[in-house]
Amino acid sequence: MFKLWLIPLLPFLGFLINGILGKKLPKLAINAVAVGSVLASFLWVALVVGPSSDWGANKLHAHYFTWIASGNFHVGWDFAVDKLTMIMLMIVTGIGTLIHIYATGYMDHEGGYYRFFAYLNLFMFFMLNLVLAANYLILFVGWEGVGLCSYLLIGFYFHKKSATTAGNKAFIVNRVGDFGFAMAMFLIVIQFGSLDFTPVFTKAPGAPVETLTAIALLMLVGAAGKSAQIPLYVWLPDAMEGPTPVSALIHAATMVTAGVYMCSRSAVIFLHAPAAMDVVALIGLATAVFAATIGITQYDIKKVFAYSTVSQLGYMFLGVGVGAFSAGIWHLMTHAFFKALLFLGAGSVIHACHGEQDMRHMGGLKKYAPWTCIVLACASLAIAGFPGTSGFFSKDAILTAAYEHAPWMFWVGVVTAGMTAFYVWRAFWMTFWGEYRGHGKPHESPMVMLAPLMVLAVLSLGGGFLFNVPEILKDMFPLKEEIPEEHMLMAISVAAGLIGIAMSWYMYVVNQELPGKIANALGGLYRLVDDKYRIDEAYDAAIVEPLIEGSSAVLWKTVDAGIIDGAVNGVGSQARGIGNVLKLIQSGNIRSYATWIVAGSVVIIIVMGIAGGVR
Amino acid sequence: MDPLFFLLFAFIAVACGVNVVLQKHPISSALSLVAVMASLAVLYLLQGAEFIAMAQMIVYAGAIMVLFIFVIMLLNAGPEETKGRSWAALIFGVPAIIGLMGALAYFMQTGMPELGSVKFGDWKGGGAYEVGYALFTEYLLPFEVTSVLILIAIVGAIVLARKEID
Amino acid sequence: MDPAQVAETLKHGAVPTAWYLALSAVLFVIGVAGFILRRNIITVFMCIELMLNAVNLSFIAFAHEHKQVAGHLFTFFVMVVAAAEAAVGLAIILTVFRNRSTLNIDEIESLKN
Amino acid sequence: MEFLVITGVKLALILFIFMTALAYLQWVERKVIAHVQVRMGPSRVGPHGLLQPLADVIKLITKEGVLPPHVNKFYYLAAPFFAVFMALISISIIPFGTDLTIPAITLGGATYGPWKTMMELADVNVGVLLILAVSSLGVYGIALAGWSSNNKYALLGGLRSSAQMISYELPMSLAIAAPLLTAGSLSLRTIADTQTGFYFGVIPHWAIFQFPAPQIFSFIIFMIAAFAETNRIPFDLPEAENELVAGFHVEYSSMSFAAFFMAEYANMVTVCSVATILYLGGWQPLFPASLGSDLIAPLLLAGCGAICLYHGLHPARPFDRITLPVFAVVFFGLAGLMAFPPTIPILMPIFWFLAKLLFLLFLFVWIRATLPRFRYDQLMGFAWKFLFPVALLNLLITGFLVALAS
C-alpha cells in the first residue's frame, strides 16, 4: 500500500494550517508549512511511490470510499497511478515545489502573504486530485477545484478592478468548457454505465463511433476551456493579472495542461473517433498560429509569454490530434520546464524593474541582472527548439507526427515555430540588450528566487535527454517507426527556429527602426493584430451584451417580477386568508395541542390496525 | 435468570415512570426519570446492547438529566401549584390517553406478528466495535449531520440563554 | 402470543421480545399522560424524554429481534437529538422564566389566536 | 456456586482493604501536607499518628448526626450515600494484576479447587465506558446534597460542581479516547495487556511511550481533568472554604459528612487506577525482569526496614525504641515475601500496580499542598478554551498516526 491519499492530503493540510492560523503565524512558519507540505508530497512521490510501483502494465489502484451509489451506478473515491499519472505527478509536485520556493522570495513584500500560500497549497491539492483520479468524476472534482483556485489567485489583488474582472472572466469562460466536460460525462454514463477509467476504456472500442465522436468533441470543449484553445482561449492572457508565480504554476506549467492530460488519458476514446481527432488537430494548429501572431506584437512581457503559452498548448493539441499522444505529453513536460522558467524569469525581471511590465521601459538588464539573463537565455533557446535543448526534442516529435498525418500541418507548424522563436527572442533582446529605458535602478533578485530558476534552466536544457517520454510511455502509446525524412524535417524546424532568432536579433538589436517601419507598412493589419484581432470586443458584442439585455428584459422584468413574484404574493395572501379562519382553533395551550396529537395518533393506530398496517 | 431481571427492572422502570408523573416536585420527577433510564440501560444490556447501554448512562443520565437538575436548581423551581387546574386537558386528555393505551394494547395483542425471544448473551452484535463500524461506514453521513445538529443546538442555546445586551 | 409459548420461552430462561415492546408501550403512554396532565414546563419536558426512552427500548428490542445493529444506531441518533433538544429546550425555559417568571405551562399562551 | 463464593470472597477482600486504604489515605495526605509545610502532622494517636484514622472513624461514628430542620430530608440523607455508592461501583471493575490461581487443597480426603480467578470483581468488555458512566453519575450526589441542604452556600457549591463536572467530562473522555485508539479495546484488562513488552528491551510499551502515538499529552490532560472530576485543589471550587463556607457539605455532620470524604478519596483512587491502566501499563514493570525489576520491591522494602531498624536503635523519641523495630520486622517480612519465588508471579504485578497508583495519589496530595485555587471563570475558560481543543487536537493527531501506521 503506497498511501496515495497522502499525496494530495499534505498540501491540503498546509492549506488548512495556513488558511486558518496563517494570520497569526510568522512568515517563516508560513513558508515552512507551504513549501514543506508540497516538498513532502514530492518526496513521497519521488522516493516511495515512484520506485516501488514497478513500471509494468499493472498500475496502483486504491479505493478509499464509495462516494455516490445509486442503483448499480457507483462512483468511488479512487486513486490510480500509471506511468502517465506518474509523469504528471512528478511535474506537478516538482515544479510546484520550485515555484513555492520562488514565491517565498517574490511575494515577500506583498500583503495577504498567508492567503496566497493557502490558495497555492489548495491548488496543489486539487491538481493532484485531478492527476491521481481513477474516474472521470474525481478528475472533474480536481478540474473544478483548480478552476476555483485559478479564479482566486487571478483575483488575488482584489483591490485592482482589472484583476477581479480577469478572475471572473477566467471563471465564466471555464464554465463553458466545464459544461462540455459535464455533458461528455453524462454521455459516458449513458453509454458505458460507469465513470471509472478501466471499464470505460475496455468497452470503448465496441461503442458506436458516433457516440464516441460526440463524447470526444464534448471533452474537447472542456479541454479547450481549461487549456485555452480557440475559441475559449480569451481568459488566459487576462489571467496574467495574477501574481507571477501563479502565472508560472497555474497558467503555464500545470493547470492549463490539464486539458492535454485529459485528452491523452482518454486516448482510447479519441483513437476510435477519427473525426474528433482531426478537429483536435485543426483547433490545436489554428490556436498555435493565431496566438503566435498576436504574441509578436505584444509589449507587456507577461502577455507575450501568455500568448506563447496558448500557442504551445496548441502544439500539444496538434500532437494529440495527430495521434502522437506521447509526443504531446512530452511537450507538456518540457513546456512545463521552460515556460515556468520564462515566467519566473519574467517575474524576476519585473522584480528587478520595480514592477514594470512594459518591455519598452526595460532593456540593458544583462549587466544589472546577469543570472536572470542567463537562465532566460536557456529558456528562450529551449522554446525556440535550439538543437539539444528540451524543446527541440518534443517539438520535433510533434512536427514529425504532424508530417506523417498531413504534410501541410507540418509546414504551418514550422512557420509557427519560427514565429515563436522570433517573439520570444524579441522579448529577450528588448529586455536585456540595449540601454535601460526604465525608471529607478534595476537590481538582481535574491538567491531564493534565483535558485529555482537555475534548477529549471538545467531541466529545460537537459530535459529532453533526461526523460524520453515516448520511451517511457511506449506500452501505453506505441512508438511510431522511424521515417526517412526524419532528419530533413528536424533540420527544417531547427532552421526555422534559428531564422526566427536571427530576425529578432536584426530587428531589435541591429536595426531598431525596422519594426516601426514594418508596422506602418502593414497599417490596419498590424493594428488588428495588435489589439488581438478584437476577439474580446467581438465576444462582448456577440454574447455578453445580448445575454445581459435578454436577462434584464425577459428574465428579470417579466418572468421574475411578473410571474414568480405574482405567484408568491398570491400564495401569501391566500395563506393569510385561510389563516384568519384557522387561527380560531389555536388555543395557545400546549396541553390541548398535546391532546389533539394523542387523539390523532389513536385514530391513526386504529385505522392502521384495522387496515392490517401493523403487519 | 433473565425473566427475573427483566421483571425486576421493568417494574422499577414502570414504577419510577409513574413517579415521574405523580411527583409534585420537579427534582423528584427528574431523579425518578434517572432511575427509569438506569433500569432501561440494564434492559439494553440484557439484549446485548452494551455500547448503547453505556451511552444511555453517559448521555442521558450523565449529561442531559444533570442539565435538567442544574436548571431546576438554577431556577429554584418549587413544587407545582395545583390552583387554576385547566379542566379542558383532563376532560379531553384522560380519554385520549386511555384510548391510546387501549389501542396499543389491543393491536399488540392481535396485530403483532410472532416475535422471537431474548436471552442474555445470545447475540453479541451490539458491542462498541459493531456499532462504531456501522456508524462510520454506512451511517457516516447521518453521523456528520448529527454533529452539525449539535453545533446548531449549541449556538441556539447560547443565543437564547444569554442576557440581552441593551 | 399464546401462554403456552410464553411459558416455554420462560422455561428456557429467555424473555419474549413482545414483553419488551409492551414495556416500551407502557412507558410511552406514561410519558404521554405526564405530557398532558402536568403543568410544570420542566416536568413536561422530562415526560418527552421519557417517551423518547420508551421508543429507544423498542428500537433495541427490534434490533435484537432482527439481529441487526441498525436499531442501535437509531437509538444513538435519538440520543443525540435528545441532547440537542435538551440544550435548546432548557435554554428556552430559562428565557421564558426570565421574561415571565413562571414555569406554569398554562400561563404561557401568547400564541392564542 | 463456586463462582459466587469466589466473588463473595473477592468482594469482601476488596471492600475491606479499600475502606482501610481510604482511611489511611487521609492519614497519608495529612502527613505529606504537614511535611510540605514543615510540621509533624498527626503524631499523637499511636506511633506517628498511625491510629489517627481509627480515632477519626470512631469520632465520626459516635458523633450525633444533626438533621437541620430546613432541609429536604429524603434527599439530604440519600445524597452522601449515593455519592459513596457511585464512587465504590467503579472500583469493582479495576484489575489489580494478572489472573490468580489458588492451588487445590485437600480437606479430609476431599479436594477443593484449584481456583483460577481474575484480580478484579468483573472484567467488563466496555469497562472504560462503564467508568465514564459511573463517574458522570457521581455528580448527582454532590448536586443533591447542595440542593437539599436548602442553604445558599450549599446550593452554589452544588451548582458549581455540576457545571464543573459536566465541563470536565468532555476533555476527560476525549483524552481517554486517544489511548483506546492505540489499544483497540474497551476492556481495561485488554488495554493493560496491550502494553506488555519493551522497545529495545528497555523502554516499556506503556501508552505514554507507545509507538506510533505516544499518549503523554493525553495523560496530562486526563490527570488535569481528573483533578477537576474529583473536586480536588486546584479545582475544589464546590467546597471552597473561603468563598462558600464549606460548599455543598456545609450542613453535613458525622457519618454523612464522612461519606463525602470517603467518596472523594474513592474517586481519587479510581481515577488514579484508571490512569495507571490506560497510560502507565497497569501492572507491567518499568523495565524487564531480565534487568532485575523483580529485585526492586524486596530491596525497597528491605531498605525501609533497615532505616526503621536504624532509627529504632538510635531513637529520637522514647517509644521509637519499641515501634520502629516492629515496623522493621514487618518490612523485612514483606521483602522476604516479595523475594519468595512462588509468590513472585502473584505479588509482582500487584506491587507494580500499587507503586504507580501510590505515585499518582502522592501527586494529588503534593499538588494540593502546593497550588492555590482557580477562580471560577478561569476554571470554565480553562476547560472549554484550552483543555477541550487540545484534547481534540491530540485525538486527531493520534488517529492520523494510527491510520498511518496501520
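Letters are used for the chains, namely A, B, C and D, taken in the order the chains are written, and counting of residues starts over at 1 for each.
Note that a contact is a pair of C-beta atoms (placed from the backbone, for glycine too) under 8 Å apart; a residue touches a chain by one contact, two chains touch by 3 or more.
Everything numeric here is computed off the predicted structure, so don't read it as measured data.
Once subunit B is ignored, the contact network of the remaining chains breaks into A, C | D. Greatest centre-to-centre distance from subunit D is found for A, with centres as Cα means. When the C-beta pairs in contact are tallied for A-C and for B-C, the bigger tally goes to B-C. Note on chain placement: the centre of subunit A and the centre of subunit B lie 57 Å apart, centres being C-alpha means. Per-chain Cα centroids separate subunit B from subunit C by 5 Å. Per-chain Cα centroids separate subunit B from subunit D by 33 Å. Across the assembly, subunit C contributes residues 32, 36-37, 39, 106 that each touch 2 or more other chains.
Multi-chain contact residues of subunit A (touching two or more other chains) are listed as 589, 591, 594-595, 598. The chain pairs satisfying the stated touch condition come to A-B, A-C, B-C, B-D.
The part of subunit B that touches subunit D in the complex is made up of residues 27, 31, 34, 50-51, 54-55, 57-58, 61-63, 66-67, 69-70, 73-74, 76, 127-128.
Of all the residues in subunit C, the ones that touch subunit A in their complex are 32, 35-37, 39, 44, 105-106, 108-113.
The touching residues of subunit A, counted against subunit C in their complex, run 583-584, 586-591, 594-595, 598.
Contact residues on subunit C toward subunit B in their complex (touch as defined above): 1, 9-10, 12-23, 25-34, 36-40, 42-43, 45-47, 49-50, 53, 56-57, 60-61, 63-65, 67-70, 72-73, 75-77, 79-88, 90-95, 97, 103-104, 106. Interface of subunit B with subunit A (complex): residues 86, 88-89, 92-93, 96-97, 99-100, 103-104, 106-107, 110-113.
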